[in-house]
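Labels A, B, C, D, E and F are assigned to the chains in the order they are written; within every chain, residues are numbered from 1.
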Amino acid sequence: MRRDPVPERSERFLRGAARLSEMGGDIADIGEALADIAPDVAVYIGEFAFGDLYCRPGLSLRERQIATIAALTTLGDTGRQLRFHTGAALNTGVTPAEIVEVVVQMLAFAGSPRVFNAMLAVREALADRDLLPVSPGRPADGPDRS
Amino acid sequence: MRRDPVPERSERFLRGAARLSEMGGDIADIGEALADIAPDVAVYIGEFAFGDLYCRPGLSLRERQIATIAALTTLGDTGRQLRFHTGAALNTGVTPAEIVEVVVQMLAFAGSPRVFNAMLAVREALADRDLLPVSPGRPADGPDRS
Amino acid sequence: MRRDPVPERSERFLRGAARLSEMGGDIADIGEALADIAPDVAVYIGEFAFGDLYCRPGLSLRERQIATIAALTTLGDTGRQLRFHTGAALNTGVTPAEIVEVVVQMLAFAGSPRVFNAMLAVREALADRDLLPVSPGRPADGPDRS
Amino acid sequence: MRRDPVPERSERFLRGAARLSEMGGDIADIGEALADIAPDVAVYIGEFAFGDLYCRPGLSLRERQIATIAALTTLGDTGRQLRFHTGAALNTGVTPAEIVEVVVQMLAFAGSPRVFNAMLAVREALADRDLLPVSPGRPADGPDRS
Amino acid sequence: MRRDPVPERSERFLRGAARLSEMGGDIADIGEALADIAPDVAVYIGEFAFGDLYCRPGLSLRERQIATIAALTTLGDTGRQLRFHTGAALNTGVTPAEIVEVVVQMLAFAGSPRVFNAMLAVREALADRDLLPVSPGRPADGPDRS
Amino acid sequence: MRRDPVPERSERFLRGAARLSEMGGDIADIGEALADIAPDVAVYIGEFAFGDLYCRPGLSLRERQIATIAALTTLGDTGRQLRFHTGAALNTGVTPAEIVEVVVQMLAFAGSPRVFNAMLAVREALADRDLLPVSPGRPADGPDRS
C-alpha cells in the first residue's frame, strides 16, 4: 500500500502549498522525494517555510527570493536548493541577470568557491528553461578596465 | 610617524568610497580599525566590495542590502558586520521591519541559532538609532493562531 | 504602551511552551529578549521548534538534547544556545559528564576549535548551577597512556 | 608492490578497529579508499575517532550515533559520512525511524537545506538495506493539523 | 554570436592571468565555464584573486598554496576548487606528500569528514597526473605505534 | 581535593607538550582552562593535535602555522584560537607581515567578514607583543592604483 506523500492538511499547509504553487513549485514534489522516509519534512516545509514565513507581509516574494538566493549561496552544499529557488525567483519577477547579480555580490561575503558553485547550479536551472546566455551588466559599471 | 589609514586612491577606490558614503558608511572607519595592521584590507574592501560589486547595475542598493542581511545571518559570527549593514540598509531605503523580515525568513534556511544571534545584532544597531520598537507584521499573516 | 512579548497563543504554541517549561526553560525569556524587535521569532520557536519538533514521539527528550548539544557544538557561534541547552539537557536527565562526553566526541567531526569554544559555554552553564568540577570518565577508557 | 592500506597496529588502533567492527564498519574500507594517498588518515581515524573517542565510557554507542547523525546533518557536505553512520546507527540499536527523527529535529538548528540533503543520504543507506518505507511517528504528535 | 568568455582586459586582469598561468591554470577555463552566465566572475577572479591577492609580495606562491589547500579543506563543498588548487600547488613547488600533509593537519581544526572529502578530491587531481601512490611520511613520526 | 589539570602522561602527550612548548605554548594552559570540566580535551589536544599531527615530518612548523592561520580564518568563531596561533606562528618563524598576508589572501576564499574578524584577533595578539604597526607590503604590488 502506497503512502500519501503529503499526509497532512492543516490550514497553514494549504496556505503554504498555494504560496509555493504561486512561486512555480509543487509541494507534492518535495513530498514525493521523501515520501518513503520522512513525509513530515515536506509537511513542515509546506507549513512553516511556505505557509508561515513566505506568507508574511512586509517583503515582496521577489525580495524574499533575492534573500534566499543570497543565503543559499553563502550556506554551501545547496546545489539542489539553488536549482529550485532559481525557478521560484524567475516566477516571482526576478530576472536571470538579477539572480546572477545576487550571486556575484556574494564574492564579497562568502568568497569565490561558494560563488562559483552557486553559479553552476543557477546555470543549470537557467539552461533547463532555455534562458542562456544571460545578458551581462552594462560595461560602464563592470569590472575594472583602467 | 603615523601611517595613513587609507593609503591608496585608485579610481575604483574613490568610486567605492563614494558608494559606501551614500550607504551611510565611511571607508575611513574601516581603514582606521586596521590602520596599524592591514590598511590594504580597507583598500580592497573599498575597491572590490564597494567600488566593483556595489557599483554594478542590475540591482538597487536596497535589494543589495536585502541580499547582504540574508548572507550575514546565514554565515554566522557576523555581529559586527550586521550592525554596520543594518545602518547601510536603513540608508538605502530598507525599513527596520523589512530588515527584521529578512532575518526571520532565515529560520527556514539557516536555523534558529543563526537567526537569534543576527536579530540581537540588528537590535543593537536599531537601538543605537532609537528605532525600537519595530512594528510587527499584520496579525492576519503572522504566526499560527489556529 | 508596552507590547506583549509573546502575543500569539495557538495550540501549538501552548504545547511548545509547556514542553519548554518541562525542559526548564521559559518561552517568555525568549520573547522578552526580542520583544521590541521580533516577538514573532519567539512565537515561531515556541510553535515550531518546541511545539512541533520537540513534541514529536520517537526520541526521548534526553536523546533530543544529546542531538542538540552535538549540533550546536558543530555549528559554531552558539555560546548563547549552548548555555541554554545545557540547562535543558540537565533537566531532561542528561548528566554533566554526559553533556561533556557529547562535546568531546565532536573532536572527530568538527575539530578542536569548535569543541573548545563549546566546552567553555557548557562550563559557564554548569558553573551557574554549581555543578563543577565534572567527574571524568574512568581512566581505563580515557586517553592514551601507553 | 602493493602497500598495506592499514600499516599501523598500535593498541589504540586495534581497539578502534574492534569498536568500528562492532558498529558494522571495517577500518580496512577506510584504509582502502585512501591507501595510495594517505593511509595515515585511516590509522588516525581508527586510533583517535574510534579507539579513543568512541571507546570512552559515559555514553552508549546508540547515544553516540544520535550525536553523530545530528553533527553530520548540521555540518553539511557529508553525504558519504551520513551513509556510513546510518549503517553504524542501525548496528548500535538506533531504528530507522529514530535516525529520521534526529535529522528532522535539525530543522530547528540547521535549516531545511541541510535537513533535506541529509535525509536523502540517510534514505540511500536505508534503501541499500531494504529498510524503506520508514513508518512515520504517531499522527497525534505529528505536524499541525489545526 | 558567441560571446567572449573573458571580455575585460585591465592591467590587473592581465597580471592575474599571467600569475594564474605561472600556477599552471588558465583564466580562459574559468571564463569558459561561466561564459554564458557570468563572465564577470572570471574577470573578478582574474583581477582580484590572482591579480591583486596572489601578486602580493610577502609570501611565496608555494606558501600561498599551502594556505589555500588548508582553507578549501576547512570550508567544505570545495571538491572542484581542491582539484584545481592541487594542480596549482604542484606547479608552485608543493610536492604531493606536502599537499597531503596540509590536509591531514586539518584533522585537528576541521574534523574528519572535511579531511576525508578533501583527500578524495586531492586524490583525483593526483591520479589525473599519474602521481599516485604518494609516499608516506617517515614511520618514526607517523601514527601511534606504542 | 584539586584535580591535576593534565592527568595523562603518554609518550605521545609528552612529545606533543614538547612540540607545543617549542611553539611558545604551554599545554598546562589548555589543561587549566578546562581542568574542572574536561581535562581529557587538553590531553587529546596534546596527544593528537600536537603529539601526532604537529610532530609529523613533511612540513616545517612555519608552514604548518601558515596552514593553521588560513584554516582558522576560514572556519570563523575562532578569535581565541587565532590569538594563540598568532603567537605560535611568530615562534616558528612567521613574521607579523606574513601572518597578515595569509589572512588577507582569505578574502578570495572566505569573504571579507571572516577576514575582518580574523584580522582583529591577530591584531590583539600582535598588540600584546608590542608588534604593531605591521609594515605593509611594497606599494608596487599592493592594491590597484591605476
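Everything that follows uses one rule, which is that a residue touches a chain if its C-beta (ideal position, glycine included) is under 8 Å from a C-beta of that chain, and two chains touch if they have at least 3 such contacts.
By chain, with names taken from UniProt: A, B, C, D, E, F = Carboxymuconolactone decarboxylase family protein.
Here the structure is a predicted model, which is why all the values come from computation and not from measurement.
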Given chain C and chain F, the chains that contact each of them: A, B, D, E
Proportion of interface numbers common to chain A and chain E (over half same, under half different): different
Centroid comparison with chain B (C-alpha atoms), farthest chain: D
Chain located farthest away, centre of chain F as origin (C-alpha): A
Size of the rotation, in steps of 5 degrees, that lays the CA trace of chain A over chain F: 180
Centre-of-Cα separation between chain C and chain B, whole angstrom: 29
Centre distance in Å when chain A and chain B are each reduced to the mean of their C-alpha atoms: 22
Computed distance of Cα centres, chain E from chain C, in Å: 39
Chain B: positions in contact with at least two other chains: 10-12, 44-45, 48-49, 52, 72, 75-77, 104, 106-114, 137, 142-144, 146
Pairwise touch network: line, ring, star, complete, or other: complete
Chain F residues touching chain B - in the complex, by the definition given at the top: 76-77, 100, 103-104, 107, 111-117, 119-120, 122-123, 126, 132-134, 136-137, 142-146
Residues of chain D that touch chain B when the two form their complex: 106-114, 144, 146
Interface residues, chain F side, partner chain C - complex: 3, 7-13, 33-41, 43-45, 47-49, 72, 75-78, 80-81
Chain B residues touching chain A - in the complex, by the definition given at the top: 10-12, 45, 48-49, 52-59, 63-64, 66-75, 97-98, 101-102, 104-110, 137-138, 141-144, 146
Residues on chain F engaged by chain D in the complex (per definition of touch): 44, 48, 52
